[in-house]
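Chain IDs A, B and C follow the sequence of writing; residue 1 opens each chain.
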Amino acid sequence: MASIKLEGLRKTYPGNVQAVKGIDLDVADGEFVVLVGPSGCGKSTLLRMVAGLESVGEGTLHIGDRVVNDLEPAQRDIAMVFQNYALYPHMTVFDNLAYGLKNRGHQRDEIERRVQEAAKMLEIEELLPRKPRQLSGGQRQRVAMGRALVREPAAFLFDEPLSNLDAKLRVQMRVEIKQLQRRLQTTSLYVTHDQLEAMTLGDRLVVLNGGRIEQVGTPMEIYLRPASLFVATFIGSPAMNLFPVDYLRERGSGLLDDLPEGTDIVGIRPDDLHIQAPDKRHLIVESTLELFEAAGAESHLYVRLEGNDQPTVIRTAGQPPVTEGETLRFHVTREALHPFNRESGRRMGV
Amino acid sequence: MQTKRMTLPGGWLPYALLAPQVIVTLIFFIWPAGQAFYQALLREDPFGLSRTFVGLDNFARLFNDPLYLNSMSVTAVFAIGTTLLSMSMALLMAMAVNRLIRSRHAYTTLLVWPYAVAPAIAGVLWWFIFHPSIGILPYMLDMLGYRWNHRTSGTDAMLLVIFAAAWKQIAYNFLFFLAGLQSIPQSLIEAAAIDGASPFKRFWSIVFPLLAPTTFFLMVVNVVYAMFDTFGVIHATTQGGPAQATNILVYKVYADGFVGMNLGSSAAQSVVLMAIVVALTVVQFRFIERRVNY
Amino acid sequence: MVEHRPVGNLLTHVLLMLGVAMVLLPVYVAIIASTQGPGELMRGGLPLLPGGHALENYRLMWQSGLSSSSAPAAGKMLWNSLIMALAITVGKLAISLLSAFAIVYFRFRFRLFFFWLIFITLMLPVEVRIIPTFRVVADLGMLNSFAGLSIPLIASATATFLFRQFFMTVPEEMLEAARVDGAGPMKFFRDILLPLSITNIAALFVIMFIYGWNQYLWPLLITTDPEYYTIVMGIQTMINSEGYVPWHLVMAAVVMATLPPVLVVLFMQRLFVKGLTETEK
C-alpha cells in the first residue's frame, strides 16, 4: 500500500510534441483516482510514466516514500492492466498469473497459493489450465486483472481496461472492479475516456485536457461545479447547454444580475430546464420542440430556442405529454446557472 | 527506422547480440567484396608472382572481349527463356488448380516438391533424360525426325539448361500465382460475369491486371534466380559448352578465375555482377515499397 | 470461376495431369533407371517399369560409391550434407534471431549502420565473389572442414528481415507486461519472444534446410578432400569423369540426394509454403 505523488511531471516527445505539460497530483493511500479526458489529452502517457513504461521527462514521481523516476517498472511495486490485456498467448492462464512471481523468485508453493487465491477471487479457477485464445473477452479481462492482483502490489494501474468489452459486460466488470478495489484497499490509478465510467468508479476524478489538469475533485464536485467550460461539456451526458449571457439577459428579469464579474457564457445542464414552473424565482425560455427521444425512464427533448440558433437538449424524467413542433416554455432557476468566461474558459466566481 | 514504442535498456547487450552476424558478414561478405573491387584494378600473372596496377584496364578488356559479350547475350537468352517458360507454366497450373476445390491440395502437393531439388540435381536429371544415346526424349524426338544432341548443338544445350532451370522454379512461381489468384475477391469476378464478360474476357480485364504485382515481383525473382542460382545447372551438365553456348556470367566468373586463373578478369566480372545484383535488388525493393503503399 | 461446367472441369483435370506428369517425369525416369542392371540402359530407349536391381544398386552406392569417381560412399556424403545443412540452418536462425532482437528492441548508437551492414549481404551472393571468399576461407585454414562449409553461409539478411518484420508485429504490450512482470532483456527473449516466434522459426527452418542441403558451388570450392564431399556436389564428379558413366548407379545417388529435402517439403508443406511466401515479401 502506498500513496502516489506527482510533482511537476512533464513529457516532451521528439519533434517538441508536449504530451504532458506539468502535472501535480497526490493520490492518497488506498484511493481510487480516475484520469479522464479525450484521446490525446496525455492521460495514458501519464499512467505509463507512473508505470515506468515511459521515461519521466521532468519532475519527480514518488510511489510510497521512494522517488521512482529512474526505477525499472518491475522495481516500482506496481501492477498494470492493459487495454488489450497483453496476456502471453503461449502460456496457460496459470503461467500468465505466475510469471511475475517466478521472476521475483517466489517459492513454488507460495506462487501456487497466491495464484489459486487470486483465481478464486475472480472466479477463474477452472480457466487456469487454458490458453488465452480459448477464453472469451470477458474471461481474458478477468485473467488480466488476476495477473495484477496476484502480485499484491502497492498500486494498480488500469489503462482503459474495459474498452474492448461489449456494453453489458463493461457495466458488469465496472461494478466488480469497484467492489474489488473497496475490498483490497489498494491505491489505484485508472485511465478512461468514458465519463460515465470515470464518474462511477473514482473516489476522485482528474479531468485532463491538452496535457494539463482541468480539474481534480470527487465525481459530484466535478458534476455540480465544473471548473471550466471543457469540464462542463465533457462530464455529463447529454452535454451541458451553453448560452451567451446576453441572450438570457433579454429574457430574464433581475435573475442574472448577481452573476460574477466577467461571465459571458452560461451553462445549463439538460436536467435543469424544467417544464413545470418551480416556486422559486426563475427565468423562462420559449422554444420549439424539434425532436422527441423517449429512452424509457427518461426522455430527451431537442428544442430550438427563439433567437438562438444552437440546438438545446433537455432531459426529463418519464414521458411528458408533448408533440414535435409545439412550442414549449422552460423554467430555469438561479442555482442551475454555471457562469463561465469564454476567453479564459474558466468558471467565474468562487 | 522504427523500433518499439518502449525499448530495452541497452549498454553493451545489443552489440553483443549483433556481434555474430556482423563478424560473419565482415569476414565473409564485406572483406571479400572489397578484395574483388581491389583485384579488379590489378593484373596478376597466373603464378601469383607479380601484380601490377592497371586501373580500369580489366574492365576495358572485358567489354572488348567477344567471349564476355557472348556470355552476356547467352545469359540474357537463358534468363529470359527460363523466366518465360517457368512463369507461363506456373500460371497455367495455378489457374487450373484455382478452379478446383476438393483436389486443390493434392495437385498443389504434386506440383511444389521440385522446389526442394537442387539446381545441380535438376541439371543432372534433365541431362539424363535428354542423353543422346540413352535418354528417352531424344528417342522420341528421333521418331519425329529431330536429332537431339546437346553435346554438339549449342541450341540443344541451351534448351536443356533452360528446361532444367525452369522445371525447378515452376513450384515457386506456382505458389505465388496461386496465392495471388486466391487473393482476388470472388465478388469482382462475379460482378464481371453479371456484366456479361466471357471467361476469357474476365481473365484479361479482371484477373490479369490484379495479378500484375505478383507477376512483376516474380519476374524480378526469376531473373535473379536464373542469373545467380543456376551455377549448379551449368556446372553439373554442359560446363558452359558446347563452344561457349551456355557459358552464363556466373559460370564464367568461376571458370576464368578458378580454372583459367585469370584473377584480374574474374574480379572485374565479379564487380559487374555485383552491380547487376544491386540494380535488381533496388528494383525489387522499390517495387515492394510500392506494393506496401497500395 | 463463376460457373463450373463439367466439361471445363474435365479439361482442367486433364491439363493438370499433363502438368503433373511433366513435373514428375524426370524423377520418375531417375527412379526407373536406378532399378536397372548395368547393361539395360545401353540398349537405347529406357524401360518404362522398374527393374529388379534396386536393392543392389542402392546398397552399392550407399556403402561404397562409384569406383570411377573420386566421390566416397553416398552414405558418407549424405551424412556430410546433413551436418552441413543443419549447421547452416541452426546457425542462420540463431544469429538472425539475435540480431533482429537487437535491432527491434534496443536503441543504440550505430543501429542504422549495422542494419545496412546486414542488409548489404543480400547483394553479395557467393557466386559473385568466389575467389576472394575462397581466399579468406583458405587463409583461415577452414578448407576441408565443416566449419568452412557452414559458417561463411550463416549470415542471412533474409532471415534477419523476416524476424524483424515478425517482431514488429508482436504487440507492444508484450514487452511492457513482461517488464512490469520483472523480466530482463534476455528473459523476455527466451520466455516470451522465442515461444511467440516458433511458427516462423519452423517455417524458416524448412526453407533454410533446403537451402543448406542444396549448396553446390560452395562445397565445390572448399572441399578437395572427398571426406567432406556433400551428396549434391559429389554427384557431379560421377558424371563428369571421362568414359563410361554407370547411369543406373548415378541415378540411385540422385534419388538419395533428392529424397531428404523433398520429404521435408512434403511433410511440412504448410510451414514450407508459409516460409517461402513470407521470406520473399
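Heads up, the rule we're going with is that a residue touches a chain if its C-beta (ideal position, glycine included) is under 8 Å from a C-beta of that chain, and two chains touch if they have at least 3 such contacts.
Since we're looking at a predicted model, the values are computed, not measured.
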Worksheet, complete the sentence: Comparing A-C with B-C, the busier interface by C-beta pairs is B-C
Fill in: Farthest chain relative to subunit C (centres taken as mean CA coordinates)
A
Worksheet, complete the sentence: Taking each chain's mean CA coordinate, subunit A and subunit B are separated, in whole Å, by 60
Worksheet, complete the sentence: Between the Cα centroids of subunit B and subunit C the separation in whole angstrom comes to 16
Item to complete: Provide the C-alpha centroid distance between subunit A and subunit C, rounded to the nearest whole angstrom.
Response: 58
Worksheet item: Using the touch rule from the top of the page, what residues of subunit B touch 2 or more other chains?
Response: 6, 9
Item to complete: Quick one: which residues in subunit C touch 2 or more of the other chains?
Response: 176, 179
Discussion item. Where in subunit A do residues touch two or more of the other chains?
Written reply: 53, 72
Fill in: subunit A contact footprint on subunit C (complex, rising order)
171, 173-174, 176-183, 187, 191-192, 195-196, 198
Worksheet, complete the sentence: Seen from subunit B, its contact residues with subunit C in the complex are 1-10, 13-15, 17-18, 20-22, 24-36, 39, 89, 92-93, 96-97, 99-100, 103, 107-122, 124-129, 131, 133-136, 139, 167, 170, 172, 175-176, 179, 189-190, 193, 199, 202, 217, 221, 228-229, 231-232, 235-236, 239, 250, 253-254, 257-258, 263, 266-267, 270, 273-274, 277-278, 281, 288
Response to the item:
As the complex stands, subunit C meets subunit B at residues 1-4, 8-9, 12-13, 15-16, 19-20, 23-27, 29-30, 33, 41-42, 44-46, 94-96, 98-99, 101-108, 111-112, 114-115, 117-118, 120-125, 127-137, 140, 151-152, 154-155, 160, 168, 172, 175-176, 179, 185-186, 188, 210, 213-214, 216-217, 220-221, 232-233, 235-236, 239-240, 247, 250-251, 254, 257-258, 261-262, 264-266, 269, 272-273, 276-277, 280-281
Worksheet item: Along subunit A, where are the residues that touch subunit C in the complex?
Response: 51-53, 72-74, 78-80, 82-91, 99-100, 103-104, 147
